[in-house]
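So that we are looking at the same thing, I have put the structure below in structure tokens.
Each chain carries a letter (A, B, C and D) given by its place in the written order, and its residues are counted from 1.
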Amino acid sequence: MSNHNPDAPKHLKHYFANVDQQYETSKFAMWAFILTEVLTFAGLFVAYIVFRSWYPDMFVDAHKLLDVNKGLMNTIVLITSSLTMALAIWAIQKNNRKLSLIMLIATFVFAFCFLGIKFLEYSHKFEVGQLPGEYYSYMGPEVVHLNNPHIFFSIYFIMTGLHGLHVAIGMGLIAWLIYATYKGNLSSEYYTPMEMIGIFWHLVDLIWIYLFPLFYLIG
Amino acid sequence: MSEHHITPLRTYLIIAASLLFLSGVTVWVSYIDLGPLNIVVAMLVATIKASLVAFFFMHLLWDDKKNLTMFLMSLMFFGIFVTITLLDTEFRGDLDLNPEVKDPINKRAVFYDTLPLTDTHGHPVDEHSDNHHEDKDHH
Amino acid sequence: MLDRLTEFFFPKQVSTFASDIDNLYFFIFYSSVALFFIVVFGMVYLAVKYRHKKGEELKLTSSKDHSNLLESLFFIIPLILVSITFVWGIRSYLKMVIVPDDAIEIKVTGQSWFWTFDYPDGGTTLNELVVPSNQPIKLVLSSKDVLHSFFIPVMRSKMDALPNRYNVMWFDATQEGVYDIFCTEYCGTGHSQMGAKVIVMKPAQYEEWANELGSDDDSIPLDELGAKLYTKKACNTCHTLDGSSLVGPSYLQTSQMWGQERVFDDGTSTVIDENYIRSSILEPQTQIVAGYQSVMPTYQGLLNDRELDALIAFLKSLNEDSQI
Amino acid sequence: MSENIKQNYLNHPKGLMSWLLTLDHKRIGLMYLVSGILFFFLGGLLALVMRMELAAPGNDFISNDTYNNVYTLHGAIMIFLFIIPAIPGALGNILLPLMVGAKDVAFPRLNLASFYIYSFGALFAMYTIINGGVDTGWTFYTPYSTQSTSNVVPMTLGIFIIGFSSILTGLNFIATVHKMRIPGLTWYKLPLFVWALYGTSLVQITATPVLAITMVLLMLERFLGIGIFDPALGGDPVLYQHFFWFYSHPAVYIMILPAFGIISEIIPVHSRKKIWGYKFIAYSTLSIAFIGFLVWGHHMFTSGQSVFSQIVFSFITYFVGIPTGVKIFSWILTMYKGQVSFTPPMLYALSFLFLFTIGGLTGIFLGAVALDIHLHDTYFVVAHFHYVMQGGTIVAFLGGLHHWWPKSFGVMYNQTIAKICAFGVFLGFNGTFFPQFLLGLRGMPRRYATYSEEFVELHSYSTFWSGILGISIFIAIMNLFWSFIKKNKVDPGSNPWGGMTLEWTHTSSPPHPHNFEEEPVLEHGPYDYDKVIVEKTYK
């Protein structure tokens, strides 16, 4: 039992009966992890919903301070990166390592663009004092009549910040995937890590799909 | 691992195109004033987009249904959290016998009283040429 | 019998809804006792009856593992009991939230660590809620700093005091007397000392009291008035008279240091005199005595000039008393 | 069983590193057990300090501030460092893979990571103690927690980190139960402890993320004043309570469900009887786990939440009572026509039934809104949750330790001492906490360092018995560990209680490093005492 079956592929852990069991287990656990991710964001969505219903006018007016163009650009960037990620998995399934590698690098670059645009957005907000919480100091003519716009910016920064953190973590994971693919550790026989990180990356996209309209479009 | 479903390339491209198209649609719609329907439309579009991502990019359509169950469970618990919290926050003072319970005493946080007015670039407007107010802005 | 039991379990019943709540308690109590005895008796009976006797061989045991009758009973009996409890609980609760129209409204403000009561005709008391009997009283609660909770055991009533929000509770006292009020939402160092009293008076007596509110102190000497204020205004929560330090420095110590330098936590110091005492009551946050925390709330608006003078006189007198 | 039976997970491989870097679920379980017990002792010591202070009114023993620190740390340590991680982390880790016939959990590396994350979080909690404590209560209610000058941030950070460990353990167990069962071990043939751990894990992965985000928001409220929970900045403290209890009420079920599982194992084995209503117990576990998410507002009946939600929460709360009642009746009826032996684990199980029934029934008092308003935040609540958490969970945990001790570690404790201690725990517990129901009814608020004269008698009574409770628990646990030192070994093939699940029938005591010598084959269900006679073998 402890003697390992010599025919077993080297990525098969000894405590699994076969490759399929291992793959299915990882994937199922990944989805359980997605559940925890969704519920982490759930807390923030609840805060958003509650405060929006308490301060409807403030939310509508404060959202006009956000830059829709940058938001839309980020949406496009992120959707495209999702596509390239899916294609990277498709390529490795077809055992086309080179294409897979290109797609992963493209995903990485798009992720970088996303954070770049986010950085531009943030730095503008910092300049004009549209900051979270007590650091808020922007009293321009559009908002001077509003009650507590700092709450809108608190929620905006926390939600997009946590999302940005996920993008950054995703970038780290993708960088590792690029390395592993380059080294030839992944193939159509074994691409579990790419599939898992793919799911994570699509989740990041999925959350942005909600953040974008909630903050930039309908405030 | 040969039996795993491989989604055709065409599917991915079509899905990505629809996602981009829907993103355009939701921005376009946001410029039309539909009143309270605004949020409904935006959330509807977002949900369609999210389902496309989940079912096709994340392969839920072809996966073991347990994985889909996990995902739906997360949405269900999110729903529970929102709904029950709103039962409180939306209905405080709902008996209307005690109207004072309904709203906060001070609608606005105190620190706004000391904030100087600014222009759209965040620079203080010298309304009262009040010097010590300005220092506050430089942190 | 039930009265004796009520006395055993509960404090006095003073509000109109107290007896209803106690009856609800006894309904659940008796049902629970019955269920509990079924459980414990069944457990002991089965365990003893089917015990593995010494020398008895191990054998195959019965395969019985369900009984439709028993299982439906498990569902139905508790379901009936909890349904009654739920409906009763809600009915009594609604009585507790719907305030009668003719209620007298008193504003209650919690603050670390005392209660302030503002009466409808003007006038304020600290840590003493005075109300007429047989008259609905509506309390509008709020807090100046952290969460507090206003609990009157004899009225079976309790409500949190939130900062920046009002909460409402009401009661109708049926018996004159002096009863305890506790703070039941944890609020820091002085939480367990944040008690107050509710004084229920006959309506006529209350009228008299309300008319005199705020005008009764002119006749007594300053230091005696100060001694009264020391407990009435809750100074005693944080400042002792025997030299030991609680949350704040003892009055005795301050009194003994009269005319000497006092060092503050920012390194500055000042001479203890009337002005210093006055400003440390009205603006306690500006100068913090070294070794203590900045927790004292301001008494601006809670003490008039004569009362301030009285407290100062009282404090000064402590040193003289101790030397005798 | 073959020659190399002498090889077991405790002696192979050897060396400190082989322990620190072990991927073996049994070793990780043992590490959880030891650290959990240490925190249990620390928390217990703090409890005794509190009881000492409360023996008489006035501040005779410690000051208000010290008392506030002590009770906060008692709560936080017991909940976050002991009860929540200890049962799933220790007993669950050791037993779950054995019970489903797997060689390990689904992700051994994650399992080890989870232990180290827990230790790392615990370091923050310990730093809090060294640095002067934290005085907000384990609930960290805003705005007190945003204003307090004590170590709120290290403590919440520690809890945030421990949350991750909880999530990873949950993920691991769920994947293990779903995917690692041996062929033929269908859901309805699983031991009920596995069902209980499965329910627990579901709650862990669903509720804990919300705790994590709540702690983050609380820290941000302190650093940035974000205005979500702080009323001075437009936030709402009641919203904080919603966030906090969305996790912390389900957390009650994280704590109690594994205890249910342990009891469902002990009673049929020591009664040698098929368990009564297997499916009822299994499904009531899942339904309790689910309903647990809908009732958090009953912790907030005096907070000023809307009347509507008061009614809804009160209504749903009662639905927790019904599946719980079904379980209690099923456990009792399991003994019907069995062969009951009064072994130490069984004594703990019986005392669990007694104590938990009181804990459960007093919950009914608190669910009735009108009555809860009087009882809220009084000693009645303190007594109620100690009857559930200590009389329920910890008594079951002790029972479980005594039950699986010979299996997990291959040594047997002194059974006479164990029985005496079981009585001591039972008496000491009732003596300590029963008077507190009366205190609460008479209006004694909780979290008070001093109190008025009228409560003296009951308080001193409670303090007296708490000493007996403390000593009994301490001796009970020392008795267990003493068997290690005395090397009172049992035969590797022994099955002292005649258990029927895989861990008793298919592996040695202590188990083989890879759990099973040969691939286990399922021969009978977990409680088929009506079909097969399993001998009790010992030594």
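What to note about this one:
As a convention for this text, a contact is a pair of C-beta atoms (placed from the backbone, for glycine too) under 8 Å apart; a residue touches a chain by one contact, two chains touch by 3 or more.
Only a predicted model underlies this, so the values are computations on that prediction, with no experimental measurement involved.
Put simply, the chain farthest from chain B by mean CA position is C.
Taking the mean of each chain's C-alpha atoms as its centre, the chain lying closest to the overall protein C-alpha centroid is D. Chain centres here are Cα averages; for chain A and chain B they lie 15 Å apart.
Inter-chain centre distance (chain A to chain C, centres taken as mean C-alpha positions): 49 Å. With centres set at the average Cα position, the gap from chain A to chain D is 35 Å.
Put simply, the C-alpha centre of chain B and that of chain C have 42 angstrom between them.
Of all residues in chain C, those that touch two or more other chains are 97, 164-165, 167. Touching two or more other chains at once are residues 24, 28, 32, 35-36, 39, 42-43, 46, 50, 134-135, 147-148, 150 of chain A. The set of chain B residues touching two or more other chains comprises 66, 73-74, 77, 81, 85, 89-90, 95, 101, 104, 107-109, 111.
Here, these are the chain pairs in contact: A-B, A-D, B-C, B-D, C-D. Across the complex, chain B meets chain A through its residues 1-2, 4, 6-7, 9, 12-13, 15-16, 19-20, 23, 26-27, 30, 38-39, 42-43, 45-46, 49-50, 53-54, 56-58, 63-64, 66-67, 70-71, 73-75, 77-78, 81-82, 85-86, 89-90, 107-109, 111-112, 115-122, 136-137, 139. By the touch criterion stated above, chain C contacts chain D in their complex at residues 9-11, 17, 20-21, 24-25, 28-29, 32, 35-36, 39-40, 42-43, 46-47, 50-52, 56, 58-67, 70-71, 74-75, 78-79, 81-83, 85-86, 88-97, 145-147, 149, 151, 153-154, 156-160, 162-165, 167, 180, 182-193, 195, 293. For chain D in complex with chain C, the residues that touch the partner chain are 64-65, 68, 135-137, 141, 143-144, 147-149, 231-232, 236-238, 271-278, 280, 302-304, 307, 310-311, 314-315, 318, 321-322, 325-326, 328-329, 332-342, 350, 353-354, 357-358, 361-362, 364-365, 367-374, 376-378, 438, 441-443, 445-452, 498, 529-533, 535-536.
Listing the residues of chain A that touch chain D in their complex gives 1-2, 14-15, 21, 24-25, 28-29, 32-33, 35-37, 39-44, 46-47, 50-51, 132-135, 147-148, 150-151, 154-155, 158.
For chain B in complex with chain C, the touching residues are 95, 97-98, 100-101, 104-106.
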